[in-house]
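Lettered A, B, C, D, E and F in written order, each chain numbered from 1.
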Amino acid sequence: MHRVTVKRKEHFNAAHRLYNPSWSDEKNEQIFGKCNNPNWHGHNYEVIVSLTGEVDEQTGYVYDMKKLSDLIKDEVLNRFDHRNLNLDVEEFKNIIPTAENIVKVIYDLLRVKIEEQYEVKITLYETERNFVEYPA
Amino acid sequence: MHRVTVKRKEHFNAAHRLYNPSWSDEKNEQIFGKCNNPNWHGHNYEVIVSLTGEVDEQTGYVYDMKKLSDLIKDEVLNRFDHRNLNLDVEEFKNIIPTAENIVKVIYDLLRVKIEEQYEVKITLYETERNFVEYPA
Amino acid sequence: MHRVTVKRKEHFNAAHRLYNPSWSDEKNEQIFGKCNNPNWHGHNYEVIVSLTGEVDEQTGYVYDMKKLSDLIKDEVLNRFDHRNLNLDVEEFKNIIPTAENIVKVIYDLLRVKIEEQYEVKITLYETERNFVEYPA
Amino acid sequence: MHRVTVKRKEHFNAAHRLYNPSWSDEKNEQIFGKCNNPNWHGHNYEVIVSLTGEVDEQTGYVYDMKKLSDLIKDEVLNRFDHRNLNLDVEEFKNIIPTAENIVKVIYDLLRVKIEEQYEVKITLYETERNFVEYPA
Amino acid sequence: MHRVTVKRKEHFNAAHRLYNPSWSDEKNEQIFGKCNNPNWHGHNYEVIVSLTGEVDEQTGYVYDMKKLSDLIKDEVLNRFDHRNLNLDVEEFKNIIPTAENIVKVIYDLLRVKIEEQYEVKITLYETERNFVEYPA
Amino acid sequence: MHRVTVKRKEHFNAAHRLYNPSWSDEKNEQIFGKCNNPNWHGHNYEVIVSLTGEVDEQTGYVYDMKKLSDLIKDEVLNRFDHRNLNLDVEEFKNIIPTAENIVKVIYDLLRVKIEEQYEVKITLYETERNFVEYPA
């Protein structure tokens, strides 16, 4: 048997704002700059989900990519796409929706839905020039 | 002399919502679907500005691309980047910020700043799969 | 009113073979080279559909992009995706599925489904380096 | 001395079909869906070959990229490009040409041609949204 | 018969410098800024050649893309690739190698090699964000 | 706390030549081929800087991406952009500017400016098809 990493890319569009409610407006402005705009801004996020596991001899698959795509749609896109991450998404009620926090929320949502024998890793592009990976 | 089209690409990130205030909420929902989310969503917009004109024999330039880049930053990015198009941008106070309307607003902002001998055309990507051009 | 071109990109994967049944095998090999392989080869095709028309003042739309995407899926992807263009697609029974012919077939399929006031143009990528447009 | 990973990207176009001959047609259809089309479909595959090794002080190279490109052409593209993976490629006579299996076949073909001191890794894009890596 | 535009993309890497010998060093510096570096800088240029013509009924081709690719290699890449445009390329002995001038030189080199019934157009990317087209 | 890798992409354009002064011209030509052109050639380099560290609970950041972007501009782009790597850049006075050596120079320049608790990794694209990573 051989172990392969399979990767599926999906995308969603969302609004967000970087803001720490325990800080003054001045400190929020100083730390987050234009990302702190109280009227929000937004991004086209690209998310890549990587699963590592053994190739099944009968199917030649590590994981059915149609099933993986559907899982990302059910767990991630249905929650995040065309939403305001701060206002509409339960998971960010007490967490600032930075790319670093979004990528961990996506991982946590998917990890519990994927069998334990698979390693899971998430890459999230906030823009073409800024992107993050978790676990590191 | 020869005429060449020169093109410069820039990008900005913004939140928006598609909503027609003269309609009921039901009709807005029916026409605009998830783009009508009252809490906004957002995009990484890519804008390409095309200028057509004669090549200057002394410089070999149609237009100084550094000057064009600065002009786009001054007139477009400073107004739109990390903003809510509906709430923060004067030009969309009475216009729905669809891609079709944004591209015309960008054209109108730049056209008056560029000498008349140049033809101007704008391409705007809202996502990798949805984009618009003006004038048609 | 202002006229804008709106563009929607979709993709499909298909097998094909370039072969002219009125020629000898030698001439087919000489003209089409490796694209003539009797066992087929294939591509990830990207198709961009452009519609030019007036922006509706009520919606800010030239054309509802969700409706355009659905139309491309119904008329093009349902016929071509994961198919053998030569064997499975009625439209290529008597036409060699070169990019030049595929792009015209796509145009003809869509043109009759789109109201006459819109201009329609199709771009088809066979590979990242080979692509075609119709009408020219 | 320092160790660097060098990467070379090449591409090929091929037809294939996912089909397990030990299953009924119904089970093949159920598991592989439209990828099971008996008339084939195809892809533009992109392959990235990564070699990790020490930088030679005289050349500043880990590996001559021209030589690596030629090796990929000789061993991979000559076998796979403009071919039907199931019918034309010896290595898939008894293996289903899923991305997971193709990436391992490519690795095995190249590993024996590259000196042992180099680590080798292969990334294979079947589409822009589906891709695999081996070894994991 | 139907007319189609076919496009082929190729690339080359070259060094250049923007410098007008009839100006003082100060004026060159003022107009061309860092592009005037006497020690040169360089780019990965991408060139797209578009031919518009009628589709041949026998071949389904406007123009054989292999032949077009070879022509671009013979006439453009062999002259420009891994060269210093100012020092190594006859065509720029008396012309500043701006993108606007390079694109016209490429057009002139190819136009005479392509039969008159085809319309020819060239797009040249100097960077992902700066590109030009000729004829306009 | 959770560890995340954050990545920032920047670009620069430069000229270079591959040449080992301890070798004869013949041997330089034989080993480096067209990359040995004495009149230089050049590239649009893309550099991705990856930092791995713990997410700060107050900011939701591993590292301020604006600060990272500024650091890359100060240490890398200011030295390399629109320069001749062999002639203008102190760091390559005695090192051949291959991608393998450039990526290590970039790492060394940035590593000393970034706090020790972060892991640092650099990816450098010389072309779309040739790229390197350090540390391996």
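We adopt the following convention: a residue touches a chain if its C-beta (ideal position, glycine included) is under 8 Å from a C-beta of that chain, and two chains touch if they have at least 3 such contacts.
Because the structure is predicted, anything quoted here is derived from the model rather than measured.
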Separation of chain C from chain A in steps, with touching chains one step apart: 2
Touching both chain B and chain F (chains): A, E
Comparison of E-F and B-E (more C-beta pairs in contact): E-F
Farthest chain relative to chain F (centres taken as mean CA coordinates): C
Relative to chain A, chain with the most remote C-alpha centre: E
Interface composition of copies chain B and chain C: same or different, split at half: different
Distance from the mean Cα position of chain E to that of chain C, given in whole angstrom: 28
Approximate Å spacing (C-alpha centroids) for the pair chain A, chain E: 41
Touching two or more other chains - residues of chain D: 128
Pairs of chains in contact (touch as defined earlier), listed by label: A-B, A-D, A-F, B-C, B-E, C-D, C-E, D-F, E-F
For the chain A and chain D complex, residues of the former touching the latter: 2-10, 52-53, 55, 58-62, 64-66, 119
Chain E to chain F touching residues, read off their complex: 11, 13-16, 34-35, 37, 39-44, 81-84, 87-88, 127-128
Chain D contact footprint on chain F (complex, rising order): 18, 20, 22-23, 31-33, 95-101, 103-104, 128-136
